[in-house]
Amino acid sequence: MMDRFEAARPYVGVFAIPPTPFLESGGVDDASLRRCLDFCVLASAHGIVMGVNASEAIALTDVERMRVAAITIEHVDHRVPVVIGVSGVSTASSVQFAAHARTSGADSVIAMPPYVRHPPGDEIFDFYAEVAAAAEGVPVWIQDYVGPVGTPMSIALMARIVNEIEGVDFIKEETAFAPQVITAVREAVGDRVRGVMGGMAGRYLMEEAYRGACGTMPACEVTDAHVAVWNAIEAGDEPEARRLHTLLLPLLNYEAMYSFTIYKEVLVRRGVIASATTRVPGAGRLDTANHRELDILLDDLAPLLTLGLRPDF
Amino acid sequence: MMDRFEAARPYVGVFAIPPTPFLESGGVDDASLRRCLDFCVLASAHGIVMGVNASEAIALTDVERMRVAAITIEHVDHRVPVVIGVSGVSTASSVQFAAHARTSGADSVIAMPPYVRHPPGDEIFDFYAEVAAAAEGVPVWIQDYVGPVGTPMSIALMARIVNEIEGVDFIKEETAFAPQVITAVREAVGDRVRGVMGGMAGRYLMEEAYRGACGTMPACEVTDAHVAVWNAIEAGDEPEARRLHTLLLPLLNYEAMYSFTIYKEVLVRRGVIASATTRVPGAGRLDTANHRELDILLDDLAPLLTLGLRPDF
Amino acid sequence: MMDRFEAARPYVGVFAIPPTPFLESGGVDDASLRRCLDFCVLASAHGIVMGVNASEAIALTDVERMRVAAITIEHVDHRVPVVIGVSGVSTASSVQFAAHARTSGADSVIAMPPYVRHPPGDEIFDFYAEVAAAAEGVPVWIQDYVGPVGTPMSIALMARIVNEIEGVDFIKEETAFAPQVITAVREAVGDRVRGVMGGMAGRYLMEEAYRGACGTMPACEVTDAHVAVWNAIEAGDEPEARRLHTLLLPLLNYEAMYSFTIYKEVLVRRGVIASATTRVPGAGRLDTANHRELDILLDDLAPLLTLGLRPDF
Amino acid sequence: MMDRFEAARPYVGVFAIPPTPFLESGGVDDASLRRCLDFCVLASAHGIVMGVNASEAIALTDVERMRVAAITIEHVDHRVPVVIGVSGVSTASSVQFAAHARTSGADSVIAMPPYVRHPPGDEIFDFYAEVAAAAEGVPVWIQDYVGPVGTPMSIALMARIVNEIEGVDFIKEETAFAPQVITAVREAVGDRVRGVMGGMAGRYLMEEAYRGACGTMPACEVTDAHVAVWNAIEAGDEPEARRLHTLLLPLLNYEAMYSFTIYKEVLVRRGVIASATTRVPGAGRLDTANHRELDILLDDLAPLLTLGLRPDF
């Protein structure tokens, strides 16, 4: 039987994004990080993405960014592919991260254009050329993401980047009408792109998969549930995939509002990381009513958490 | 038995927002509008909100805005309360709409601060004072909404407006962490606010209701389903409300991406309006894959559409 | 001698933008408006632009917008060309204004794309096509302006609009690096564009003129001074033009900070309009130190105000 | 005679901001940096500010940021006070920079709140508390700056920060209506703030000085001219100060459009740095017409460049 994702392998399925776990005192909690990586692998993530938006990468110092990347690559130790986020404040910043990721052994790297001041189209092209050069053959992902942190790109620009820059082989798409963009960009570049994944926590995965997405990159706290959905998709059982996805949706919907704080609180409750402390400015804090809501959402989701609500590992 | 929403009556429950239906040629389709209002009433909406974001009010001319408001008030004819959106490009604009709504017989009016250039806090206070004066006793709702169209307000500012301006009695809250804001603003103003409703298509209704929201204002295309959820909430049957809300969520999630185009397409499919034409800039268009997805979503939702997928009225 | 602006005539020189004067009570002050139009003509403005950003058009009701346009056209009575601003909240809104401007006798119309929600490129093209259709042969200006009110366009898009839509003949350019854009767009469209004017209060007029701009559209309060600069430019006396422009710059610089409030205060001081009342949200108010500064700036500028600081007309 | 700036000393006058000079190949050009620092001192700058917006600090890697700061402090070697910019992507990032600046011997540090995601008011307060703690007694400046890089603060918030956090002693103000904010914040905090400086390239210095500003922080390329203006201000000769400021204004106005590219091109022409290469995304490039314009602007400014157009040092 033909594998419709053959070109994309091994970048197919659920590429889970662990958070950067922090100590109550503010620094990175290495032990929780390692434990979280094991959790992702144990939950059958098809890959791991570290150092992107859901991991609060924009709030780390450069040294922290690179340490977290190195620990991730070393600790995962090729059990699954690792994609390292190399977005930065400038091309020089991303080049630094891409070179570090490469020498640290990353399987591929993913980047948005610089995110403090946003570059125009021709500078975006040059940006990806320099990142690809620094990656020296390690495949590069374009991340097309909404502002103010992302820089949405036109179909024409993404096609030009993929067509003209050796090494830019994948796209993660999460701008307005993302599923339509997935269709449009695949039509525009054809076989030149090895794969396109969706984002947005996987809330639109059913449609994205139908449109040819080779996977999704959600935050990792319920990786086991995401994997169950994907496996049904890949098995060609759309009704079952939809049934599972609908069970997952209430939590994803809740995360669309509270994001980081929920990602981490769920991981604390599941015994994976030690603290739900966040660092991104404006991330908010959960109050009593939030905790009550989360109790209910997790109870309802329990059947999908194949590792158990609180896995013993 | 005590009615915990007593102060808010009759502004309790699902206040449905009809779209502004357009002819293919671009003008307002009055016949579809009237039919859509009947649909809302038939679907047991507790009230109707016209001339706000989900109705593409920002894209109408002033004359269209006022005609649509007048038709709505006249056609609903007190079957349920009507809230008229009076947000505008300046205080003078909103004052014009508020005076018109009052003389046309609106039950209450709702306004965001001016939305082209955004006023600072002291001007926002003056804005609501002038709108309330123009409304001459018709109750005024504050709409606290995210940018770029909305102007998020601090708890302190909303409390000051409610406390000091006679006639500003209600709040519709839909900014970042909206459920938490509902809690905070209710604590800050106490009995001075008659009621706070949620927005965001009702996606967070379960938590908002728990925090004391007296209702929600969603787009109207599945009003029957929203009403089923609310009735279970008001009956005190939270598990049933959640069960129904989870059935509704896949469509709401889809609308979070495609908004206007889906609101209208669903109404076309249900035989309520004649055309799914939209006018707001950047609203997008549905493609084949969208239509396939919507087929599935509506099939799954059918049990909740108490009027039937295609009601005969 | 060849006239390098031949194609652009009569759209050459200083096209002054009168404010919309308001009564203290808030409505439009028709008497001040007519007096201000006379002032512009008396100050030798080469044309008048009404209903744009510097006239606070975004804060008027539709009825006010059209009344102000009609009064302007009627009162100027062909003494100089009148350009009417027809930007609006949607294509339908701009079409309404364009049709009204045409039937009222406007010489040309100018439009930014819709400014509440911003359209993508293909919708911008359709927007100008519909505006041009409504203008029925009255020449149309593209206004390329910065956000959040403007929608900056690519060179390619502006060229496509000018090349493919009959009637779109002029551009007003005021986005980032505007002078460079003037060069680029003129190279891209060649003779198809009859003229490109600068904006930004004329602060970059010397460079814009060198790059081929056929004029500038500043607020009108010191039209006599702007005209003196332009006349020196057109006479080919660049050193004199620069000398005069440098004398004008301190006031223009001050207006870059305080805009509307200064435009109007200067006109009040010059005896042209009755009140400096503004309406655009967040326009601010002048305090004692501002008035002191303005005293000094106007004293310094007096030699350039050929009508006198307080003309008797 | 009383010194009205006594409390602010030595933070009085022109605190010049050198660029970060880059090699054509992209890295930091240390030799040009040292030469530029000498230039600032030679031009009689009253102080030097390094690592802020005009120095493209947002585009440096953390290692580069700290190296540039250390070189600056070491090379200036107490000839004038050095203020180090410690704004960053998060509190942790700014704490890192503040601690490094302190141990490197900075005289004071200046920070905007985090600039990728923007914190709400209570987090801004905590941010300055943590920066001040990391600075361990080295005075801290609040930088109140416009978005998208800055996070404009209310008067009440700035007053609370200055009043309650030990060590936050100065403010640099450059948001909308900045001169009015200077008046308001000085009234709100009284003697608790040692000094408030203006920014915006010094374009509003005359009014800011009248309102009590103790200086200004412009880019450094014509420091000699800025110092001439300030010295006249401090000598109480307002007419002379205004005369000089007006001579300076055409270049400042030009920089308001082209910023980084002009700062650096002027320094290249004056023989101070080797290359005008910039790094901030979207900084643009100068074309032939820009160079012609700059030729003229610098010729006109020559009388004010007390070091000469091309100083020999």
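As written, the chains take the letters A, B, C and D, and residue 1 is the first residue of each chain.
The definition used in the following text is that a residue touches a chain if its C-beta (ideal position, glycine included) is under 8 Å from a C-beta of that chain, and two chains touch if they have at least 3 such contacts.
Since the model is a prediction, treat every value here as computed from it, not as a measurement.
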Could you tell me which chains make contact with chain A and chain B both?
none
Taking each chain's centre as the mean of its CA atoms, the one lying farthest from the centre of chain C is chain A
Between copies chain C and chain D, are the contact residues mostly the same numbers or mostly different, with half as the line?
same
Rounded Å distance between chain B and chain D, as computed from the means of their C-alpha atoms
48
Express in whole angstrom the distance between the two chain centres, defined as the mean CA positions of chain C and chain D.
34
Chain A to chain D: how many Å between their CA centres?
38
Please output the residue numbers of chain B that touch at least 2 other chains, ranges allowed.
282
A full list of chain pairs that touch reads A-B, A-D, B-C, C-D
Chain A contacts chain B in the complex at 176-180, 183, 203-204, 206-207, 210-211, 242, 245-246, 249-250, 252-254, 256-258, 282, 284, 287, 289-290, 292-293, 296, 300
Touching residues of chain A toward chain D in the complex: what are they?
26, 58-64, 88-93, 96, 113-120, 123, 148-149, 279-282
